[in-house]
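In the two assemblies presented below, chain A is common to both, partnered first by chain B and then by chain C.
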Partner chain A sequence: MERDWQFWSRRIIWLLLATATALFIVVRVKAVMYVSKPARSLYQAMEKVPPDKIIVLSCNWEAGTRGENGPQTEALVRHCFKRGKRFAIFGWNFPPGPLLAEQIARRVAPEYGRCYGRDWVNWGFKTGQANMIRAWAKNIPGVIKEDMFHTPLARIPAMRGVKTIHDVGLIVDIAPADTLSTYVRFIYGIYRTPLGHACTGVMAPESFPYLDAGQIVGLLKGLAGAAEYEKLVGYEGDALKRMPAQSSAHMLMIALIILGNVLYFRARRRGPSTHSAGSGQAGSGPSRAASRDGETPRRRLSA
Partner chain B sequence: MRARRWAIIIGIHVGGGLAAAALLWWLTHLLSPVFRPVHGGALYGAIAGSVVLWAGLMFALHRLPAAVKKRVVIIATFTAGLFYILEFYLPARSVLFFWRAKYHYTNPFSPMIFTVGDAYSVISGFTFFLAAFSLSLVHGKNIAARRQGYYNSIAFFIAFIAMAVFGLLQAYAPAAKVVVRDFLGMRNFTVTARQVHEYLFNDMYVPLNATLFSVLAFYMATAAFRAFRIRSAEAAFMMIAAFICMLGQVPLGMWLTHWLPLSGPLSNLRMEAMANWTLGIVSMAGLRAVGFGILVGSVAMSLRIWLNLERGAFFEQEL
Partner chain C sequence: MNRTPAIARGLIWLVALAAVAALGFRHHLFARDLGVWLAAICTLAIYSILYRENVVFRFFEHIFIGLATGYGFSIIITQVLQPKWWVPVVKEGKWYWVFALLMGTMFYTVYSKRWSWMNRLAVGIFMGLVAGLSVVGFVTMLAPQMTASFKPLWASTAPYIRFNNLIFFVTLITVMSYFFFSFEQRHPLVKGSARLGRWLLMVAFGAIFGNTVMGRVSLLIDRLQFLLLEWLHVFGSR
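Presenting the complex of A and B:
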């Protein structure tokens, strides 16, 4: 009985979650979004970048977090295109990042009449992590050498006047992992170049100390951050469209936590021998081990 | 006796490291005209020459006695660490380096950072080969022994070879034609190497990667149902914080408190304001403390590795 409950409860939850998210992707509902201060600060920092400086979009993400980092990149790219700010796409943590960002930029560019080389440049993926970043800050053309399509940087108009980190107006690190600390240590710490961060939802708490210390000028927190930025730029993109689906998924999670606790307290009131409904820790304990091989703990003990 | 031993160890390390750094500096200046960019046939010749040179060097290193090998590793680790410490901590511009006054960065180690960075990239390239070799070995053994699930290893080889071949082709011969045979007998069609790579990357790698990550959401939902229990007051606080943060990030949560004013004291009770406060004040204090501890630990660990004080399976085993 307990085994059946565990088997079916898990599948029912998966089905509920799939339905909750799919429903609001099919049925369009207008999302109410309020722009948070960190997102607004990043927007303002982008606006302040002077025309003689380049913006670096450090795309350290890959396909796994495309759902969050993709709309963030698109919102930032659209902002640059809209305001005519030249920018460079760059990556040094996950190789597919610059390629995925390039796809976004190429898809969006015709809407604003922008073209590659004049309005943006893609430096591609560079290995070397922190050591490369330190050298890059001192001599950008010396480290990057050529763009993603093997064109020497000297022949790219978007690179005019870009020699060192002092020619960079803002770096926005779009990442699902801790790459921001490298920029904070070796770029902000030494050159005081403004930094922005666009991270996945789970990484957001780790970025707040940098925000509070003034080491980053602004922050986009996951899909919600992307939706806020879309609102600031003035278009309805993927993030705003997906917010109702995320709302329903969050509400479902809250409902599941409450339901799990109700069942837990009810089982506890009945007595310790009848703890069911997932009263143990997920991922540990005899009940989980039993559910894997179809053997109850009682049977296992008797064997 | 103990102090004397330490003095000898430090002396050997500092002396060896400085000698190695000086040698590296000298080599950089001496060989910079040799290591200029080459193109065409000369490039392939240079690559072949480098491979032969490195293979010879590796062979020679492997022939050395174990004690000498260990000493080489220690000196190399110490030199690499010393270089970056000197480059980072010595001032970028200082009258101390008067002989380099005409340059923007007077620190004598700063110009070498590009060469050392290139060397780092080359060594990183070796790790890719090592990873490919190791993966092939593991999966090759699975197939040879027909172990359980060996067909997954076959899938690995197909994916690995396809991505490697078309990844290289799209970079060096993007217009190369590939004939795709239609097994249904309708007709064969020709595509370019770039199109195949785009298909493999955009239509297979990207969705597969995204799918793997999105599966996490389903496990998180089950875990939330089964593990998030109010067993103590701390757990209750954690749950309240989780609810506020989850609701504060989504429009539905914002809508719950949308009737409160956007400014003034009452605005602090809006869901998004409470979520930002929880993340930016309460959670941040804990994270900052944890981060501080991790970084102090990292410094200690780095020092132990740099000075060869670390003990354990890797550091004490026979090379």
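Presenting the complex of A and C:
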């Protein structure tokens, strides 16, 4: 009986979580968003980029974090299109990044009457990491050479006047991993080019020291950051639409944590004889449950 | 090993799924795009681990690993070796890039007892390069962060900023004292400070974990949105 409860309790929690999020995906509720200072600072930095300089959207993400980095990229791309800022899509950590960003830009561009080559350029994926970034800062056409469709950069109007890092007005690193430090070390640390960061929720705490030290001008934290930026740009995209589902999942988890702790302390107060009955919420439960639904079938499969 | 009932159950599920798909197709209930269907099946197969480990999950997991490896291999050929080595050597006459191949090959001598000293040479050169870059990184990245950690406690700023700076100062000092391992923490002041530092670290880990949960929920929402709206067309959306 106890083992059955241990087996099903986690599955019930996942089902509740899926239901709580799915409900608010299907039923549209308007999200009320507060725009944080780091998101507003990034927006203002984008606004300040002069027309003779290009914005670099460093898309170092892949399909695994599309749920967070996708809406962030779209919000930044829409801002550039809205204000007529030319930008370059670029990636050097995960190969699919520039391709996924290009799909977003091509989907959004007709809404603003923008076209590839004139308003934006895609440099594609480049290898070499830190060494490439150091060389790129000194000679952009020399390192990039051609766009992702093999057109030489000299023939792309969006690239006019872009020779070195001094022609770049802002770099926004959209990433689920620690790629920002490379830009901080070799771009901001040497050339003082403004940097922005759009990271996943997991990465957000690691980005705050950069923000605190003034090494980045602004920060978008996960899906919430994308929603804040959508509000600043003035459109309701995926991020704002998803915020009610995100909030409902958070509220459910808070309720479950409180419930789990209440059950745990109640079981502990009852004494050791009844402790095991409540340990489905904490303590020895997970290991037993894992042996039932994790290891046994694995052994069965390998047999 | 009686596998027949399991296979029979699997076949029944497959037939049921095919019937639902055919019905959905006929009445335009689902997406008609093959790519969307493939993505939906992959998502459901990977999520099946939430019930328990199973053959379907394993199969799709291996497909994913194979795809990612193959994709990475193709990227190395098309983005690195071909444009950055093959073209300069063969088409542009930059013969000296042959030495890059030599250096790269030296890494593989680790598998030979006789020639493994060449591997150490190559590794040594690259370690030196990375160490040099790290020194630059330390100066340009960490030095400004260290400077920024000196925050004014009595400056003529707003009270809430002074309060924030005080919290920052206390956290910095107590957490640093927790990491003093050069001597035993016997003095009550150091002991108390280290204990507070440990508690503050727990608060920080809680914040990091909260952000991680937020991120994972965002990814779940992305997949659910895809399944419900793009694949199943719930309430005729998209």
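Here is the rule we use: the second predicted complex is superposed on the first by the 274 of 303 C-alpha atoms of A that agree within 3 Å, B and C clash if a C-alpha of one lies under 4 Å from a C-alpha of the other, contacts with A are read in each partner's own complex, and residues count from 1 in each chain.
The rule is short, and it goes like this: a residue touches a chain if its C-beta (ideal position, glycine included) is under 8 Å from a C-beta of that chain, and two chains touch if they have at least 3 such contacts.
As the structure is a prediction and not an experimental result, all values here were calculated from the model.
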item: Clash-or-fit label for the pair chain B, chain C on chain A; value: clash
item: Contacts of A:9 with chain B and chain C, given as first, second, both or neither; value: first
item: Which superposed partner A:221 touches (first chain B, second chain C, both, neither); value: both
item: Partner chain(s) touched by A:201 [first = chain B, second = chain C, both, neither]; value: both
item: Touching partner for A:135 - first (chain B), second (chain C), both, neither; value: first
item: Partner chain(s) touched by A:65 [first = chain B, second = chain C, both, neither]; value: both
item: Touched partner set for A:26, first chain B, second chain C, both or neither; value: second
item: Superposed model, chain A: greater residue contact from chain B or chain C; value: B
item: Touching partner for A:95 - first (chain B), second (chain C), both, neither; value: second
item: Which superposed partner A:115 touches (first chain B, second chain C, both, neither); value: neither
item: Touched partner set for A:260, first chain B, second chain C, both or neither; value: first
item: Set intersection of chain A contacts, chain C complex versus chain B complex; value: 14, 17-18, 64-67, 126-127, 201, 204-205, 209, 212, 221-222, 224, 246, 249-250, 253
item: Residues on chain B engaged by chain A in the complex (per definition of touch); value: 84, 87-88, 105, 110, 113-114, 116-117, 120-121, 124-125, 201-202, 205-210, 212-214, 217-218, 220-230, 239, 242-243, 246-247, 249-255, 258, 262, 270, 272, 276, 279-280, 283-284, 287-288, 291
item: Complex interface listing, chain A residues touching chain B; value: 9-10, 13-14, 16-18, 31-34, 36-38, 62-67, 96, 99-100, 103, 126-128, 131-132, 134-135, 138-139, 142-143, 201, 204-206, 208-209, 211-212, 221-222, 224, 243-244, 246-254, 256-257, 259-261, 264, 278-283
item: Residue ranges of chain A touching chain C (in the complex, touch as defined); value: 11, 14, 17-18, 21-22, 25-26, 64-68, 70, 95, 125-127, 130, 181, 184-186, 188-190, 200-202, 204-205, 209-210, 212-215, 221-224, 238, 242, 245-246, 249-250, 253, 293-294, 297-298, 301, 303
item: Residues on chain C engaged by chain A in the complex (per definition of touch); value: 1, 50-55, 58, 71-72, 75, 79-80, 84, 133, 136-137, 139-141, 144-145, 147-148, 204, 207-208, 211-225, 228-229, 234-235
